[in-house]
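Here is the structure we will look at.
Naming follows writing order (A, B and C), and every chain is counted from residue 1.
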């Protein structure tokens, strides 16, 4: 049984339909990429999982259906890093990280993990009092990911993490993602416009077109297929 | 000189009443982006309950005060749940009108239940003055300042150092991001309204202690001063609201005392004119940030 | 835009207004004259808040300016009271227009707060100075009958309604609506924001000034406490209940303002029959509770006011008759794509 199963999921913004029936799965321990052109429905799919948009269809996590509020989905162990990183700009770096442990019951363990995270990324500690809104895009992305890790998620949803970031920063970011996946078994569903880097970092990929899954397969194969690349992925 | 210091102290007492109500306004504005026109009347209603408890039920002041704060919290949560939350997606004008309707209902209700005549709840502070280096400082003023700023301090500690306080702040800054971290944002908003209601109750009771007599409409001028203080502070800045309130209290008091033609009648219009002048120069208030929108 | 009140109804209303004095007592004529006064004030307020989207909690203050202008001119300067009406309009209009400029700096709720301050400040000023009669106010020289005020007020109301209709359907109205939708878009289409917003304030204040002037004539007395902040709230309530952005609903708003507080004991007694709460229905404060709750109900259930209700009702009637539907295609399935 897959960790996440979406079957014929439809979503709409008011009168406007955005997803016409998306079916996909994510197995535990995988990194799955969700690709497609602008307007294809990638972000909407993530928002449908997080109950941030009106949706119908079947969404199962760990065999059980997902709840109807974003808070309940978060409490199941799904952490969504939204487009634009979802940082609390007016709060400090430290306070942003503390929000990551909001749901954790094991306070001691959580604070210990926070300390370990700061050892890995020293500037979390050095600049803990800095207002998060004044960080650079790349730093905010790392902060968002760090905060996501602290929630001890079963599944992380990443929405366009490369948006507005320099290529080198994006590379480093995906290295961190891959390490997390390999060392700690965190499952990742990542939405990306930058198909090349997403395919490089993921195990499998889905390509969305006009609110439906048009193509699916192992990332390595999709990346090699010239026809797929030029017609669906634009490179 | 002594006169001046006395006026400053009593100005600070008035200012702390304005500042606490202003803080309530800012709290709600930051959390829900609504100006609650009924904020003053909520404080008024709490004060009437206090009066009723002390006068008709024989409670002594401070236990009644604490009980009223608790009731005010529940009332604030109730108002948010019943009136504000259902209108969450309505246009701004509708929500403004809803808080105005609340103002009208509370005002009428107080007069209906307890009568429109003047009431006296008496001051919990003794009618003494301390002699501090030749300056007569009234215990009343000090008491009002202590209670009000003490509660503001407690609230600050709550926001700064507790998990729930952080979650409340986060919900105000970015509700979507808070939800996906598991925060039950609607509960946080209700909590915010509850706390704001407590602040209003503090402002209302301390104002009644200062004014001595009160009627259902007594908080309306306080509300205007509180608006002025909050707007001066930039509507988003809690510190600005409190400091603005204190500054306004002192300034208005000194102006009324030392500038003959203002007296006590024209204090309000002059304060408003000053506010208008400040806003023309700095539309975001003294502490606020302005989103540039040149057109 | 679908009209809430068809032309036939307007004609019928006009005929009724002309004929009513023959069957009503002088007291009732007074009441209906007040309805006319509120009609004019709410009409002006609607132009500002409904059409240009600027919230005003200060229109009681503009009424006060009109009333005091009439009082001062007729008592101190001996001008015949009827001729003071246009002067009251001009004075109030100029103050409103002047207020429009600083008001430009305030958006939304900030503006509501700023206008909230107007009547408060005016009351204090009126109390302080001698030429306004101080706290005691002023008595006007002529006491008039209900019939007199009625026949003075309603033709003026009618004329101002026609004026409002012309404004709304002309360039002015289009500019205001553009401003309400999006100020930035309006400016890029060449609308002079400062001018139109201030004009809206000025015209709206002038209307309120006329209303205040007529009110002073009717009561033959002005006093700082006659125009408290609650009046401004009541005017805005009437505008909302009638339906913002619609001329057809204004009369319902005016009727609401005059009669709901007046008949609140009856409303409460009726309520008592359903839910026996043993309330003192004649207590002070009861009318406020009643009209406040009605306002809340309107905001929850029919936010576009009585005018909106009438529009929806007539649209439904047309659909039943099999006519062309003018309403939005609410039943159509979603078809367009959104950003993914």
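The rule is simple: contacts are C-beta pairs under 8 Å (C-beta built on N, C-alpha and C of every residue); 3 or more make two chains touch, one makes a residue touch a chain.
Owing to the predicted nature of the structure, the values given are computational and were not obtained by experimental measurement.
When chain centres are defined as mean Cα coordinates, A lies farthest from subunit B.
Put simply, the chain closest to the centre of the protein, by Cα centroids, is B. Looking at contact counts per chain pair, the maximum sits at B-C.
Averaged C-alpha coordinates give centres for subunit A and subunit C that are 53 Å from one another.
If you average the Cα atoms of subunit A and of subunit B, the two centres end up 43 Å apart. Once the centre of each chain is set as its mean CA position, subunit B and subunit C turn out to be 31 Å apart. For subunit B, residues touching at least two other chains: there are none.
The touching residues of subunit B, when paired with subunit C in their complex, are 34-35, 37, 83, 86-87, 90-94, 96-98, 100-105, 107-113, 115-116, 216, 220-221, 224, 227, 231, 235, 265-266, 268-269, 272-273, 275-276, 279-280, 283, 293, 295.
The touching residues of subunit B, counted against subunit A in their complex, run 163, 166-167, 169-170, 173-174, 176-185.
Chain contact summary for the complex, subunit A toward subunit B: residues 50, 52, 69-71, 73-75, 79-80, 82, 86-91, 95, 98-100, 102-103, 147, 151. For subunit C in complex with subunit B, the touching residues are 49, 53, 55, 57, 102, 105-106, 108-110, 112-114, 116-117, 120-121, 124-125, 127-128, 183-184, 187, 193, 229-230, 233, 236-237, 240, 244, 279-280, 283-293, 295-296, 299-300, 303.
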